[in-house]
Every structure is written in C-alpha cells, then in structure tokens.
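In the two complexes below, chain A is the common chain; its partner is chain B in one and chain C in the other.
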Partner chain A sequence: MTFDLVLSGSDLLLLAPEIFLTVWLCVVLAIDFSIKNLDHENIAYLSVGGVIATLLNLLWFDYLGVTGTLFHDMFVLDRLAIFFKIFVLLSTVLVILSSIDYVKSFRFFRGEYYFLVMMSALGMMFMASAHDLLSVFVTLEFSTFGFYVLVAYLRDDVKSNEAGLKFFILGVFAAGLLAYGVSLVYGETGTLVFSEMAHTPGSYGLAIGFLMIFAALGFKIGAVPFHSWIPDTYHGAPTPVTAFLSIAPKGAAMAILIRMFYVALAAFKPTWVLLFVVASILSMTYGNIVAIAQKNIKRLLAYSGIAQIGNVLIGLAAGTKRGSDAILFYLLTYLFANLGAFAVVIGVGNLIKSDEIEDYNGLNRRSPFLAAAMLIFLLSLAGVPPLAGFIGKLYIFVAAIDQELYTLLAVGLINIIISMYYYLVVVKKMYINEPVDPSPIRVSIPIKTVIYVGLAGTLILGIYPRPFIEWVVAATLMFSNVTDMVAAALPHGSGG
Partner chain B sequence: MANLIFFYFAGIIVLTATLVVALRNPVYSALSLLVMFFHVAGLYVTLHAEFLAAIQIIIYAGAILVLYLFVVMLLNLKREERFHQQTLTAALLGLVLFGEAVLLLASRPLRLSSMSASSEPNVASAVGNTESIGELLYSTYLFPFEVASLILLVAMIGAVILSKKGLLESKSS
Partner chain C sequence: MTVPLWYYLVLSGLIFLIGLVGVLVRRNIIIILLSIELMLNATNINFVAFSSYLGNLAGQVFVFFALTVAAAEVAVGLAIIIALYRHRSSINVDEFRLLKW
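What follows is the complex of A and B.
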C-alpha cells in the first residue's frame, strides 16, 4: 500500500474559506485569553470581521466559478456548497451582531461565546461540503457540539440547563442513529461516497440504513416526528442562540439531505418521495396547530419553524431540479424573516426581560420601529405579497404542482391560513392592545443593523427576486438531469 | 474451530449485554459491560483487526467504562429512584429492532463460513494492521480526521465553560 495523498496548492485553495476561518477563530480565542479586561464588544466585531471576510471570499469563488473536489470526493466545493456556506455565514454575522447586547448579561465567558458561535458556523460550512457519509457524521457532530455548549450557556438559569441537557441527550441519540444507519449503508454498498452509491440495487439494509440517516437529519432540521426537542430547547436557550439554532443548522442539514437524496438515492425517487410527503404534511400541520396555543414568543417561533420546515420539505417531496431551487430560495427568504423576527425579540427581551407574548401589548406605542419591523417579518413568514415569504411559498408550490402533488398543495394552502391566524394575533397585540408599561423601548445600533438587513432582504427578495432566483437556479445546476437519472435507473431499481 | 471461537465470543457478548440491562445494581451492570467489551475485542482479533481490538480495550474498557463507574458512584441514586417503568416502550422498540434484524438476515443467505474465510488478511498482512490504519487516516481519510481534531478543541473549551467551578459564587457576591 502506498501513501496516496496528493495535495497541491491549488487544491488547498478550495479549502481557503475554512482554513481562514479556523485560523481567525483561533486568533480570536488567543486574543480573548491573553488581553485582560478587553471589552467583549471588540471580540464581537473582530469575529464579525473574520466571518465577513470569509463570506467575501466565498462570494468571490462563486463569481469566478471555483469548483472542485478534495480528499477522494469527501469534500466537494460546488455551487450548492458555496450557496449553503454563504447562507450559514450570513446568518452567523447577523446572529453575532444581535448577540452583542445579550452577551452583556453574561457574567463570565463572554469572549468564548463568539468563539463557539464561529466554531459551529465552521462545522456547518464543512457540512455543506460533505460528500460522503463519514464526513457527514463527523461534520454534523462538529457543528452540534458547539450548540450543546451554547444552549446551556446561562449556567445559573435552570431553564437553560434543562434545555442543554435535553438537546444533548436527544442529539446524542440522533448521532447514534446516524452512525448505525451509516454502518448499515456501508455494509450494503461497500462505499461511503454519495456518487458511488448511485447505482447500487435496493435492499432492506439500504432502506433501513437511509431511514436511520433520515431520522438523524430530521432531528437536525426539526421535522415532525423528530421535533420533540425543539420547543423546550428554543425556549430555554439564550435567545440569540435560539435564533442561530433556528436557521443555520437547518440550512446545512438541508444541504446534506439534498445531496444524499438527489445524488445517492436518485434511483429510488418513487419510494422516498412518500417519506417526504408524510414528513411535510405532519410538520406543517402539527407546527401550525400547536403554535396557536403558545404564550411565549420563542415557543411560537419554534413551532412556526417546524411548520416552515414542512414547507421546505415540499420541495424535497417534489424531488426535481425545480424542487431544489425552491428549497434554496425558500431558505433564503426564511433566513431574513426569521432572523429579523428574532432580532426584534432579542431587542425587546433585553429591555423588558420577558419573552411572553402578553408583554408585546402595545409595542407600537413603545417602539413603532420594532412593531413595524415585526409586522413585516411575521407577514413574510405567513407568506403575504409582496414580501419574500410569498415568492418563496409560491416557488415551492409551483414545484409541487409540476409533480402533481395536489394533496400536499392543499394541505400547504390550508396551513397558510392557520399560520396567518397566530401571526396576526401577535400583530393585534402589538398594534391594538394597550401597553401596561408605556415607557419607550430603545434599540441599540447592532440590533438595528440586523433588523435593517432583515427588512432589506425581505423586501428585495419579495419585490425583485430575479437575481436571487438566477443564483439558486445556478447553484443546483448539477441536478438538472435528476429526472433523467430516475428514468434511466427505474428498470433495475426495485423500490428500496 | 473458527466457528466455535466465534460462537463462544458471540454467546458471551449476548449474555453479558443482556445482563447489563437485567441486573439491578448499576455497578454490576457496568462490570458485565466490561466483560462484554473484552469479548468484542476478542471478535476483532479473530477478524485480524488487532489494532481495533487494542483500541476497544484501551478506550472502551479503559476510559469510557471508568467514566460510567464514576457517574454511577457519584450520583449514588437511591434504590427506588434507579428505575423508571418503560416496559411498553422497551417492548415496542425491541420488537422493531428484532423485526429489522430478521429482515436484514432474511434478505440474504447467512454466510457464516464465508465470514471466517473473508477474514483472511489481504491488505493488513503486507504492512501490518496498525500501519495501514495510520496510512489511511493520513491519506484517504485525512479530511474527517482533521475535522475531528477541531471537534476536540470545541469539546475542550465547552467543558471548561460548562464546568468551571466557583464562578457563580464569586461574581454574585
């Protein structure tokens, strides 16, 4: 056996964003350790600077069309990976900015907070590039590890501890399922790389293995029936961590799901479409119905997130190139509306120290800016034109109509109406009810920035979506033959 | 002969694994887990995976089990707090897993004889077991290997953050 690793400088260039971010976050950690009494705000801006530099690097790669694979196809940098890396880094920047005020209430380990946030982001960047089951396992655990600590960060808060413990135990269980599934798939196919699996015959082992992997990833994205950790974890975690948890890992896990089902399992599409139809219907309906009864805004957004993931899964159920385009675009609209809504929650929570929906009574009197921003974000989440959420939902539904998934479409439309109700209840409280304490709420500059970015994203994606649609269409170009593959493979592949 | 050795190891593994959940005293459970780990290592030896066998003993029997014992002894649970009734869940889950095992085994003929035959060392014999694993880790599987090192960094920092003593008391006073 020879030592067969060949890496040239140009190969390593593909890893440049990750390497840069790794070096940067080690520097941030070292600065935090070595300079005493350094204000944590400086660490935050240093972190934001590093993440933005990485983001620009990726945008430049996207512009130049840099693509390639490394380490025997284990790491792939294609436009899909670049899209999801930009997605993760964008949410990281917004989360760090909206954390700055919140972190002031921490009594210790303020600098390490930013380190862990960036570390999780790094893990999710690797997830976006994972192209074999071993890297999927390792990178998924990498990103989750940072979150285990972040969720339990408020050590003197029982709720945060409980959330962390719950998240940890269920997360480890999901990791066990993932490892077991990977071992079954490896036993059946003899390979770990997605593209090499594409032509294996179906078997029970393969089916059970991929079901396990789907369950583990379903846990990550919080789809019903793997959602049970979401409400308590979202409720107990520090609010900026909740915001981060509600968007970035879902995007990264979605990248893996798309790759796995579109590349490795393209031949078994008729079978797995059913899986996604069921998961999608359950997630949408359960999320929306339970959200109605919520009294806490973080729990409301948690359940609404479960419902939104149900919408995203419609795209996977369609299983076409257009389906994957729609997923990417939908996630983008969700990123801005969701992080914007969380920024408002953080801004309000920092001052009134409460996340109960009751305390949003008369928010319009106390801060017209926050109330108006929240209104736009909630309407976008509900899918009202001309906001981004409308285009996102439209795109997803068109993908479903293409595949004649009319049941799914009907359930989706009914769910929009249900979701409209509980979003508008919050709006009513903000605008019509009288405030108990009419003192004005002042918003700090970093949170204002996040809200402005969220507003800009929500409005631009809604009014002028063309460049973004072109971007997501280009990002999934490699799936344009996914339906042909199904047609070619159908005669051999008996349903797995 | 090879079959006999396999069935010895497999039988003890099944027996001790059952004891882990059946025994009422957690310390005994941990000890039967220890016996199980040693027999799994024995299985690895019969498959010519000596390195894995050594790792199995060092990491599982040496490190992880000691951690279990620490937890069991530190928590010092009272007898009645140790158990929760989960018979129904356990029965359902067990049924699912059993059905799955039957499905997997029924979908293809059992190949016990070929198992011992295929365990002939093909790559490993040329350079030795440990060397070939080392080479693979630093060539084909370099990417997951390096990512794992970053996981250790996160775990280290996280452990300090979550468990450093004396912070709550000193800052609040």
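What follows is the complex of A and C.
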C-alpha cells in the first residue's frame, strides 16, 4: 500500500491564509526577540495587521467562491470553513486589541503573548477545516496548547497558575477520551475521513467511540455535563485570555461538531438528536440558575456562556440545514455581544483591579460610555429586541419549531426569563447604586475600538440582519440534502 | 499462530480504565499526568492492533501524531506544575482550592 502526495501550486493556494499567518507569526516572534527595547504595543499592532490581512484574504476567497480539499480529504476549504476562519480571526483581532493595556501589567514575556494568541488562532483555523478524525485530534490539541500557556500566563499569580492547572488536567483528559474514541471509530469503520464513514452500519463500538468524541468536544464548548473547568479557568485566567477562550474555541469546535454529525453521522440522526436535546436543556438550565448566585463578573459571564452554548445546541438538536444556519448566525451575535462585554470588563478591571460585581456599583457615574455599552451587550446576550441576540434566539427557536421540538422551545423561553434577571442585576448596580469611589474611569483607544466594533455588530445584526443571514445560509449550502440522507437511511421510518 | 484482535482490545481497554480511574482517584499531579499518558498509550495499542487487522496504514500514522501530542502535553504540563510548585511547595491537587473547584 502506498501513499502518494501530489501538491500543486493551486492546491497550496487553498492553504494561503494559514501559510501567511504562520510566516507572519514567526516574523513577529523574531522581531520581538531581535529588537531590544521595542515597545510591546508595536508588536501588538504588527500582529493585528497580520491577522487582518489574513482576514481580508479569506473574505476575498469567500467572494470568489474558492473551495477544495487537500491531503486526501484531511483538509477541506469550503464556505463553512471560511465562515469559521473569519469568525476565529475576527475574535482574535478584537482580543489582541483589548489585550494591549492588560499586557502592560506583565513583568516578562510581553511579545510572546501575542505570538501565542496567534498560534492558537492558527490552530483554530485548521480546526475549521478538519474533515478527518486525525486532523480533528491534532488541530484540537494544537489550538489548546496555546491556551494552556495563556491561561497560566501570570506566572506570579497563584490564581492564574491554578486555573492553568485545572484547565490543563481536564483538557488533556478530554484529549485522552477523544483519542480513544477515535481509535474505536477507526476500528469499526476502517477509515478516519468523515465522508467515508457516512455509510457504515451502526454498532456499539461506533456508538461508544462517538460518545467519547462528543464528550471531548463538549469539554471544548463547555456544555453541561462537561463544563466543570469553565468557571475556575475563566476566573483565574488573564481577562483577555478569558475573552478569547469564551468565544473562539467554541466556534471552532462547533465547526467540527456540525461537520461530524451532519456528514459522518447523518444516517443516525434520530439517535444523536436526543443527545443534543439533553445537553442543551442541561446547559441552559444549569448555566442560568448558577449564574444568579455569582459575585464575580468573569464567573457570571462564564455561566452565561454555558447557557448560551445550550442555546446553540438547540440548532444541532434540530439537525437540519436551518439548524446549522441558526448556529452560525447565533455564534456571530454572541461574538459581538460577548467580546464587547469582556472589553468593558477589561477596561474597568485595568483601572480598578477588580472583577467583583459589587465594584460595578454606579459605573454610570464613573463612565457613562462603559455603562451604556455594557447595558447594550447584556441586553443582547439576554435577547432583547432590536439587538442582535434577539434575532439569533429567534432564528434558533424557528429551527426548533420546524422539527417540533416544543419541550426544548419551552425550556429555552423559560431560560430567557431567568437570564434576564441576572443580567438586569448588573444593570441595576451600574445605574442605580451609588459608587464607593466616584472617580471617573478613562478608557484607552484600543479598548474603545473593540467596544465600538461590538456595538456596531450588535446593532447592525439586530436591525439589518439580512446580508448576514444570506451569508450563513450560503455557508451551509452543502447541508441542504441532510434531511434526504436521513430519509434514505430509513426507508420505512419517520426520519427527521 | 497469531494473537487474536480481541486480546489487544482487552489489554488496551484495561490500560485505558486504569488511567481513567487514576485521573479520578489519585491526588498527586504527577501521578495524574502519568495516568493520562496511560490513557493515550492505550489508544496507541488500539490503533496499531486495528491497523494490522484491517491492513490499513491510517491507524499507524495516527500513532505517530498521538505520541507527538503526548510529548508536547507533558512539556507544557510540567511547566505549569513547576510554576505552581514555586508558590505552594506542593503538588497535591487538594491544596489548590483558591478558586472554587
């Protein structure tokens, strides 16, 4: 048996964004090492420039409609992959911008911080293209290694180290589960490529294998019951890293989940739908109820993130083309609202050195801009019209109604009301309570930029979502026959 | 006489379970790290066994990547453990309760 690897220039073109970013991040690291006394802000802007150039490259690919596969179907560039790569890079740009002030408080290794952020982003770009269980394993670990270091980055802070340790142990444990699951699936199907698995008969080995893979990806997206690392890691990690961790890996892991369940396991849809229904109900309910008791804003956003992932999983529970559209759109609305809220937390935290919700008392007096921005982001996360979160939730619920998942719909609606409570508690503290220290809070230009981008995204997606909906519908066009595949697998059944 | 496939599967299943229980039960971080290595190596036995049984090389390729990933994992993990040890002079997970576990 032989393996032949033929690569032509036009094949490598499909990898152009990744190759460019790889070269760029090596250059950034080399510059950081070789030029003494270079201000880390310059490194940050250099990194932002490279990531934006990659982003533009991908937008151009999307416009041209460049698609293709590489390395025996291990790497696929289609519109879904392009969407998630743009998603990851957009969050990377916003995270790097909101890090600049925070990095000033590091005593060493300021330049390497940006290198590691871009390295993780590169790993997640490959995750979006993974079309094979080997590339799923390698890219997942690739992106997580950067995060292990980033979470424990504050070397002198015990909290950060402890968060890093917890994240590391549970992350590697998940990797062990993933690898073992992949080995079982390989034994049952004899292949690692998703599209070649599509026609294998069901068996216990396959079921156990995919359950293990689902558990490992569940760790990544932080769905209940695999969420135990989320609150501690979010709390202890440097705040910009928390912001990055709360959005980009979830998006990239969602890309793998969608691809795996829609392509490799389309025939078993009636079985896995149940899995997602349960995970979704547990995540929404647990996340929202525990969030009420939180005293720290990072922990509050962590639990709210668990609940938001519960909402996203409704789309997978629907298991239709519209379900996947809704997931993509929802993630986009979550990106802007969540990163915006974190930018406010970073801006406030840099000045008052605290993330306790008590310290947000009277934020409106100290900085009306930050308070108003936080209000809009929290309302969008809660799903209040006319903001982005409302359209996202609506879209997800419509996908659920299509599939007559009324229990899920009812749980989702009750959870919106619960979430409204703890978001509004923060709003009340900002607007009604008196500040202990009324000195004004100054916001730096990079953080202001992130907040403006977040506000623009939240408002535009809410008021004029049409072009974005067209974009996500086009990105998942290849799943338009997913229901037919289920029907073909169940000739007598009531599939779907 | 060749060893049948299921011998390998039972062996790897047992090693995987030992690793799993070790992660959940032991309190020393180094032992936890070793248990995770056991889990990853059980995977490798599985892959090699399936690969030779199916006459398909993809499984053996996976083993190389799994070994590399495991090595990188240990490097990062030990670095984090050393950083923690400098603060606490302990590698017992029960000591790390600053954040609600």
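By our rule, the second predicted complex is superposed on the first by the 487 of 496 C-alpha atoms of A that agree within 3 Å, B and C clash if a C-alpha of one lies under 4 Å from a C-alpha of the other, contacts with A are read in each partner's own complex, and residues count from 1 in each chain.
By definition in this document, a contact is a pair of C-beta atoms (placed from the backbone, for glycine too) under 8 Å apart; a residue touches a chain by one contact, two chains touch by 3 or more.
Everything numeric here is computed off the predicted structure, so don't read it as measured data.
Of the two partner chains, chain B is the only one that A:126 touches; chain C does not reach it. In the superposition on chain A, A:204 contacts chain B only, with no contact to chain C.
Within the superposed three-chain model, A:159 lies in touch with chain C and out of touch with chain B [touch as defined at top]. Within the superposed three-chain model, A:138 lies in touch with chain B and with chain C [touch as defined at top].
Of the two partner chains, chain B is the only one touched by A:70; chain C is not. Of the two partner chains placed by the overlay, neither chain B nor chain C lies in contact with A:417. Within the superposed three-chain model, A:149 lies in touch with chain B and with chain C [touch as defined at top].
Of the two partner chains, neither chain B nor chain C is touched by A:292.
Under the contact criterion defined above, the residues of chain A that touch both chain B in one complex and chain C in the other are 1, 3, 134, 137-138, 141, 145, 148-149, 152, 155, 164, 184. The part of chain A that touches chain B in the complex is made up of residues 1, 3-5, 22, 29, 70-72, 74-75, 107-109, 112, 115-116, 119, 122-123, 126, 134-135, 137-139, 141-142, 145-146, 148-149, 152-153, 155-156, 164, 184, 203-205, 208.
Residues 100, 103-104, 107-108, 123, 126-127, 132, 135, 138-144, 147-148, 150-151, 153-155, 157-158, 161-162, 164, 167-168, 171-172 of chain B touch chain A in their complex.
Those residues of chain C that touch chain A in the complex are listed here as 9, 12, 16, 19-20, 23, 29, 32-33, 36, 39-40, 42-43, 46-47, 50, 53-59, 61-62, 65-66, 69, 72-73, 76-77, 79-81, 83-84, 87-88, 93, 96, 98-101. If you check the complex, the residues on chain A that touch chain C are 1, 3, 134, 137-138, 141, 145, 148-149, 152, 155, 158-159, 161-166, 168-169, 172-173, 175-177, 179-180, 182-184, 186-187, 190-192, 231-232, 235-236.
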